[in-house]
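You will see two complexes here that share chain A, one where it goes with chain B and one where it goes with chain C.
Showing the complex of A and B:
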């Protein structure tokens, strides 16, 4: 899947904004939003928030977890833990990318948030690569991937499933030739 | 403007009434389509079609567009509705395109499988079935006019069996369990039995979970 499509899915998440206009409730197919009151925070999907921001119609507050201290704690947790810790959002990477890309002037400490999230991402990806390596060497057939987020899964998609597919293929060939060998042997035996 | 809202609500009510289980809203139909889209994208084989949901959503969209005409172009409200419609259109067309790609790739295999299924529980919608048949006959015509007719008599047969491409159902997929599922057999050198907790994520061979994807217990991710 294209990373843009993962982002597309992430754009459904809600984010708080402060509009600078008044408007009644809007009934979208995916659910109702509003009413909008100038100066009062309201939750709307990210795709709409970014659009309104581009039209200078709102200020994006950002997600609750977009806090430098919180993110640093998450980073330490992630470093200490052997398994993957639970992320505040299934789309944390893409949300940061989208929201900070569109509204870095609204969200305080945008640069620090970006660095912290990038660090978390790097730690997790290297952990993921190590565990994939171990998993493939152990010749496992299935694995649990709890707490991996959408973008992370998409990132290993070209590699991991493909590698496993090839291993299955090799195994099948191995089995087929093994049975062929044993059949040959038994034939030889009977001929003796 | 209120008219639009009313119509949307009416639509939602209409949807709710049309389903006896209740609780079916435009919102949940949209979610179903999105799930079907992801499943179709990641499953190696073609899945049962969801044309009911697609039809329903397209109807919803055209209702919405009719009502937007009365809003006048350029008003904020119509722009927002238009944006949402474009997003939904993208999902639907990506979903349908994905199915067409699979039909082209596995045309013969899909048609053979489809012939064994009843009219009611076929995996293809009637349009898709027609497309698959047309596609196959075009391929056959192409082979005949281009090559087969110039071959010696014994080689002139168009052998469907030898040309069939089958999807690799042993391909590995990422998935999320929608509910607790026990006793899934994962094939391997030694068959292994695993349980999935609700909401947990895994990677396994598609063949082990194919039925669970089709009945909605498992979502591919």
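Showing the complex of A and C:
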């Protein structure tokens, strides 16, 4: 998958905005949004929020977790923990990327949030790499990784599945030739 | 993706065809009438027993695997015991493509022969692949890696490396610039629309 496609999925996430216009409810296939009342916060999907922001029709209030202190705590926890910790959102990376890209003037401490999120991303990525390596080196047949987010999974996607497929192939052929040998031997035995 | 087609070697898999094209040194065991031309150094009409030939795998295999083998084969030295020790010591230090571009594919084919060194071959290939994967992954995910490094990898690792690298480039691009506008798919862009004007001309 393309990062753009992951971002597209992330755009469905809801975000609070403060509109500066009045409008009735909008009925969409995925659900109804609104009504919009000027000055009253309302939750809408990110794609619409960015669109409205570009037309200067709203102010984006960021997600609750987009707070420098909270993110620093998450980062510390991530550092301490051996396994992956739960992220505030399944699309944290893309949400930060989209919202801060479109509305860095609305969200306080945008730059610090960006740095903190990038740090968290880097820690998790290196953790993922070491765990993939450990998994491949061990003879394990399955691994369980909780709390990985969409963009992180996408990051290892063509590499890891392809490698695992090839490993299965090497293994299967090895086993097949071993069983074929034993079968031939048993046939030889019976012919004797 | 090209990797998918080479998962299970089939009749149309180019990688597989090229892998079976690799040569093995064989020794003829029986007299083969009228095939003397295969040995360029001899003048005789027939292929004599004891002649040493370099044959492609697909030919060598069928000559060796019959009930009454026509030729005996010698497996390449890089699948043998002494090289196995090199691989066990540190598989990452070796430029595998210099040994054979189709190291894994060819190895799986060679493993089909009845040869004492062949029994442990699939196991060795798997172990080598596992220990080298970290290297391939690090190269693929590190942006500063010289793309020319791909030529040092055997084909199987090369395709994995290139696909991993492509996705990494996409991710870096997304970080920098973000998902831009939606593009027309190639299918639609290449699809030639029938123009109204040509229609009218044809009708006249």
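In this text, the second predicted complex is superposed on the first by the 179 of 192 C-alpha atoms of A that agree within 3 Å, B and C clash if a C-alpha of one lies under 4 Å from a C-alpha of the other, contacts with A are read in each partner's own complex, and residues count from 1 in each chain.
Throughout what follows, a residue touches a chain if its C-beta (ideal position, glycine included) is under 8 Å from a C-beta of that chain, and two chains touch if they have at least 3 such contacts.
This structure is a prediction, so every number in the text was calculated from the model and none was measured.
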item: Contacts of A:157 with chain B and chain C, given as first, second, both or neither; value: both
item: First, second, both or neither for A:171, with chain B first and chain C second; value: both
item: Partner chain in contact with A:129 - chain B first, chain C second, else both or neither; value: second
item: Contacts of A:146 with chain B and chain C, given as first, second, both or neither; value: first
item: Chain B versus chain C as contact partner of A:28, first or second or both or neither; value: first
item: Partner chain in contact with A:97 - chain B first, chain C second, else both or neither; value: second
item: Touched partner set for A:137, first chain B, second chain C, both or neither; value: second
item: First (chain B), second (chain C), both or neither touched by A:51; value: first
item: Chain B and chain C footprints on chain A, overlapping residues; value: 8, 157, 165, 171, 175
item: Chain B partner contacts - residues on chain A that touch it in the complex; value: 1, 8-9, 23-31, 47-48, 51, 141-148, 150, 153, 157, 160-161, 164-165, 168, 171, 175
item: Interfacial residue positions of chain B with respect to chain A in the complex; value: 1, 4-5, 8-9, 26-27, 30, 34, 41-42, 57, 60-61, 64, 76-77, 80-81, 83-85, 87-88, 90, 168, 170-174, 186-189, 192, 194, 200-205, 208, 221
item: Chain A-facing residues of chain C, complex; value: 1, 3, 7-8, 104, 108, 111-112, 119, 121-123, 125-126, 129-131, 133-134, 136-138, 140-141, 156, 159-160, 163-164, 166-168, 170-171, 173-175, 178-180
item: Residues on chain A engaged by chain C in the complex (per definition of touch); value: 2-4, 7-8, 97-98, 101, 129, 132-133, 136-137, 154-155, 157-159, 162-163, 165-167, 169-171, 173-175, 177, 181
